[in-house]
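Order of writing sets the labels: A, B, C and D. Residues in every chain begin at 1.
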Amino acid sequence: MRRLRMGMIGGGPGAFIGPVHRIAAEMDREIELVAGAFSSSAEKSRAAGEAYRIDPSRAYADIATMLAEEAKRADPIDFVAITTPNHMHLPAAKAALEAGFAVICDKPATTTLAQAHELAAIVEKAGKPFALTYTYSGYPLVREARARIAAGALGPIRKVVVEYPQGWLSKPDTGKQAEWRGDPARSGVGGCVADIGVHAFHLAEFITGLQVSEILADLGTVVPGRRVDDDCQILLRFANGARGALLASQISVGERNGLTIRIYGEKAGLRWRQEDPNMLWIYHDDGRSELVQAGDPGLGADAVRASRTPGGHPEGYLEAFANLYRDFARQIRGEEGSLVPGIADGLRGMALIEQSVALSKAGAGWTKFTV
Amino acid sequence: MRRLRMGMIGGGPGAFIGPVHRIAAEMDREIELVAGAFSSSAEKSRAAGEAYRIDPSRAYADIATMLAEEAKRADPIDFVAITTPNHMHLPAAKAALEAGFAVICDKPATTTLAQAHELAAIVEKAGKPFALTYTYSGYPLVREARARIAAGALGPIRKVVVEYPQGWLSKPDTGKQAEWRGDPARSGVGGCVADIGVHAFHLAEFITGLQVSEILADLGTVVPGRRVDDDCQILLRFANGARGALLASQISVGERNGLTIRIYGEKAGLRWRQEDPNMLWIYHDDGRSELVQAGDPGLGADAVRASRTPGGHPEGYLEAFANLYRDFARQIRGEEGSLVPGIADGLRGMALIEQSVALSKAGAGWTKFTV
Amino acid sequence: MRRLRMGMIGGGPGAFIGPVHRIAAEMDREIELVAGAFSSSAEKSRAAGEAYRIDPSRAYADIATMLAEEAKRADPIDFVAITTPNHMHLPAAKAALEAGFAVICDKPATTTLAQAHELAAIVEKAGKPFALTYTYSGYPLVREARARIAAGALGPIRKVVVEYPQGWLSKPDTGKQAEWRGDPARSGVGGCVADIGVHAFHLAEFITGLQVSEILADLGTVVPGRRVDDDCQILLRFANGARGALLASQISVGERNGLTIRIYGEKAGLRWRQEDPNMLWIYHDDGRSELVQAGDPGLGADAVRASRTPGGHPEGYLEAFANLYRDFARQIRGEEGSLVPGIADGLRGMALIEQSVALSKAGAGWTKFTV
Amino acid sequence: MRRLRMGMIGGGPGAFIGPVHRIAAEMDREIELVAGAFSSSAEKSRAAGEAYRIDPSRAYADIATMLAEEAKRADPIDFVAITTPNHMHLPAAKAALEAGFAVICDKPATTTLAQAHELAAIVEKAGKPFALTYTYSGYPLVREARARIAAGALGPIRKVVVEYPQGWLSKPDTGKQAEWRGDPARSGVGGCVADIGVHAFHLAEFITGLQVSEILADLGTVVPGRRVDDDCQILLRFANGARGALLASQISVGERNGLTIRIYGEKAGLRWRQEDPNMLWIYHDDGRSELVQAGDPGLGADAVRASRTPGGHPEGYLEAFANLYRDFARQIRGEEGSLVPGIADGLRGMALIEQSVALSKAGAGWTKFTV
């Protein structure tokens, strides 16, 4: 069975997430990077192609050229990976899907909910796999948590607290990464909520299997001069009546990437923290605290399949990301068992961004969450 | 200098907090328990007196008798410690203060804000020390955190997250402790918010030195049949514009007494957790994470004075509680340096309870916090 | 039932352990400090008496006077607590026991094994309770660990690793505490091994219920000019064939009081750490890791009896110490259930000190451990 | 610059470490797996080739064929990766080196010290890069620790405690991984000491920059019927006089892969733990405890170069392993900056295995450590 061939959009010099996509895609030898339109500058795209060590003739100057040239080859790319700032997601995905390629795209789906609906229609019409890299859903113990809740281990869920504190934007924006995220033209109306809030939101829905039905949003801009939110407090109500809170912040000095979720049911609770991803705490209502670790014998199939090493050999962010690519490869090959998020998750994320920005500005109370 | 003499109200058979008050009061040999009206049952009060090993003639059948009899003695009590359910706080404190005794009282101050104002007037008129045992403000590293913030170590405060998850009320109320807390006649209108929410609220104001100026409250009752709230989500705005969230819950299965506070300023952040009370994390904006421990050479005077052992010899809840009593003894003796909370803190706590219950029921948005 | 009356020997101005004994003794109101020969200086003893707030007439200038005067009183002391440097333990205990008083004494028992045997004979002849404050055996979860092993939860024990790193003597001795510990005339031949190695040794035997049968000792003096050992590595063999290692150090910069024990049996393992005393880890051989916490519903009687607060309200060093005093009070009152160490433990500790110093100097291999 | 081409020896169906080598080698796109003699069974080698998705014609039935066929190609392999059980290391490395290929080999170097010396001579004669995968030296913070010590941050080193507890062999050997490790014909004379003891030993020397000069070994076989050691306690003396202990065990129930090192100098101490590899604790002698994390701004060049993601995005075992391959690629390309271990480290590891087994059997005392 041959490796799938990937063409990357974005990921040029100075990029953070492009190289991450490349490592993740190739980790399991199911995929290889063979082409790219890495930058809107032809020169930078060529330089990136060299750095990735791909065939120089396949480092293209723009997306349209890549799609056209690859389509002519005997060994064309099988799919496109979009790793650009948000405003390019829709045009890049549209072009690729309409040219007949599957697409895997960084989150959030687009820059507006309307765009996301447009994209959803394109995906449906194209009939090709479309995946969104909500990375944290790729961790083995996140999948274990999801499986245990689905099996009833916690009983009915009553309360969810999901937090995502970061501190890297506690000062005015500088640097490539901060700069485009603070520009509504490229990131959309959301700042913190779009960059990390949607991760927290997706994680809560992914693990609990519940959908948020109402929100009450309090977004703020703490750093003077910033044009988007950098601190979000969103109260949640889930479809089954469960209560919740989502706290995301990029001005929490000293925090790195502290995504943490706690879920409490009638019978048990659990806690998972991205910076210690190989540990999952289960709290039983008889007082027992159980630490489940990656590689443990009692893990379910989803977690086992998402691990590459035995217990005690820490896996991390890149491996979680690689699990999304492995799932995406399954989809392309028509195999069962993919858990990678898709356009439906993208729509919900965009709805969160738009609604929470709007509701917070309006000082609105509890409002039905709609996509 | 003789030991101060304490008379206890409440703390009879089966009580949790009465014996804690006794240990705390006596830990530093500045105070001794000599009398008590431990129960409204004369027999139970006598039994408690025996268990506490006090002079049987000073285990009184009721408060009035204790106050009257002690007033006649050559060696009367110096103060009264009130350790009853909430509804007894006002009558007990009133009687003691009007009889000329200083009072230390468990939190919250009373069962209604109106009662608290009544009590404040009585305290003012009596001119005697009145203290409230917001226990967690007695921990050495809580005081260190407060001192560092006051000295500007974090810069202007931007964000406060204070959480107080517990799980012991995740099932319908049973047992003496749960039962009175779930009865509005004895606990007041608040459940979780009155039992632990006020602790979290006090801690946030105590450490930051900032006052909450607006709140948005979402209180819920999760366990069927319960008459008061058991899960609270309160968004905060502080007087300097800082944003915040207070999450308290008593249905978070598996949580014990997880009071935790994180405070982020312009220059640095900090974290403290009651279940690891001898650690204080300071996060500097240059990326350094510093772990400050009880007993460290760099600690300030407030923390040093609040520790009894060298570093590495864990102190805990009882020692923190004892620090409040030691401060209270200072007040009685007219000495400087007390940090024990007083009636002003009691008023703010009662305002939190009443406003958050009312605002949550009304579905109100952001509302000015007033006492 | 009246409180027992305690007379303290040692614990004068500047003392660390004297005030700890006082707090521990009085915590449960079973004992009160009423007298003392706190210092060999009459003036300092009087000053200490004032600081402890005892009757000035009972702050004695020397041990003999205290014993004689107390014996004449209607309300004499019930026992003596010895909190002096090691070289005073034997004469003080001898005088007290021969005067008919029970004795509780800081560890190690004496300064030589021969002295310890002499003391054992005196204890036996006196027929009075004699206890040694191996503090760490007073922690609730240490007692829980012991009970679980006794009940077979770990299966036959195979391996024990006990460590006690400290860093406070990483520089040449200064200060009262360091100074006498570095003086063989007052501390005995052992430095680190006598100060903390014996704690680790006792803990290992106490929890496992096994006796060490052979040792191989490697003691070193790291800080130039020091006259006793400050770093100990002792390999252990237990009577049942279990293997073990004891590492104690006072030059481990940055360590505070890091006593830690790990025990592995055929069926399960456990870990306990003094600086997190309210946690006990149990590792099951099916891969489950269980965190047992103080206050948990599944705890056994010994742990329950040794706790004063519910789970999540941290107890620490002073409470552990108080548990020894409570046990000692039980002995004096002739009640069941004491776990406080006695002279037999003292003999084993002194044998450890003497043998390990001698064997290490001789470069000896594995040697039978004898008392 | 083209990718280097790798041929693997070993790593057939059921292998643990072969796939790890493959992922590690390819992570940075500097290397690709193109050929292999994955098993001594031609059929299994072919199956493995398919699983790795390499050109079927390059999945060879034996080592000799691979080396001969590859040598004839225009695009031959650049190096061989040896991932077999220990007894195959020497013959495989010999064949590859003598055929002109560079070699990277799993640890330990061989099965006997004599073989290791033979291999060292072959390496020297061949003049090709030879690397050994002491994986843990590839972690960013291990390299940071090494750099800080080299720069004097700890002052002269006084004490090293390195531990490597595992529990997976607490029962009689079953399964492919356990089985060959327990067979002296394939693993050599050492069991636990050869499998993990050498990792701990290498880590201690790598980080401190000091060589062990004397050892005292106590190896044991705990599980009945096992033919090699499964629990090791080795006392260490370093060339500068520093004291140390190495504790490795495979019968420590519940431990996964708990390699931990603590190093104490005159001025500061440090701690690193493989299961939390992105944290490095530095303990300063003024009492400050500093937590250094992967991605922190203050890290040195070696750590920065060894990280692929920003702080808070955990990297783990596979990334550490990949760092060794990246260093090895540097060697092959003639670039500066490699930290990957080589044959000299292999000799020291084999000396540790042989000497500790022999000394322990003989009951010897302190013995000079010689290679």
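Brief remarks on what is shown
The rule is short, and it goes like this: contacts are C-beta pairs under 8 Å (C-beta built on N, C-alpha and C of every residue); 3 or more make two chains touch, one makes a residue touch a chain.
For reference, the UniProt names are A, B, C, D = Putative dehydrogenase.
Keep in mind that this is a model prediction, so the values were computed, not measured.
Chains touching both chain B (Putative dehydrogenase) and chain C (Putative dehydrogenase): A, D.
For chain A (Putative dehydrogenase), the chain with the farthest CA centroid is C.
If you average the Cα atoms of chain C (Putative dehydrogenase) and of chain D (Putative dehydrogenase), the two centres end up 43 Å apart.
Separating the CA-averaged centres of chain A (Putative dehydrogenase) and chain C (Putative dehydrogenase) is a span of 55 Å. Chain D (Putative dehydrogenase) has its Cα centroid 35 Å from the Cα centroid of chain A (Putative dehydrogenase). Multi-chain contact residues of chain C (Putative dehydrogenase), defined as those touching 2 or more other chains: 255, 287, 289, 293, 311. Listing the residues of chain B (Putative dehydrogenase) that touch chain A (Putative dehydrogenase) in their complex gives 158-159, 161, 163, 165, 167, 170-171, 216, 218, 220, 222, 231, 233, 235, 243, 245, 247, 249, 251-255, 262, 264-269, 281-285, 287, 289, 363-366.
Contact residues of chain D (Putative dehydrogenase) toward chain A (Putative dehydrogenase) in the complex are 1-3, 16, 19-20, 22-23, 26-30, 33, 52-53, 166, 168, 255-258, 274-278, 293, 295, 308-319.
Those residues of chain A (Putative dehydrogenase) that touch chain C (Putative dehydrogenase) in the shared complex are 286-293, 296-298, 311.
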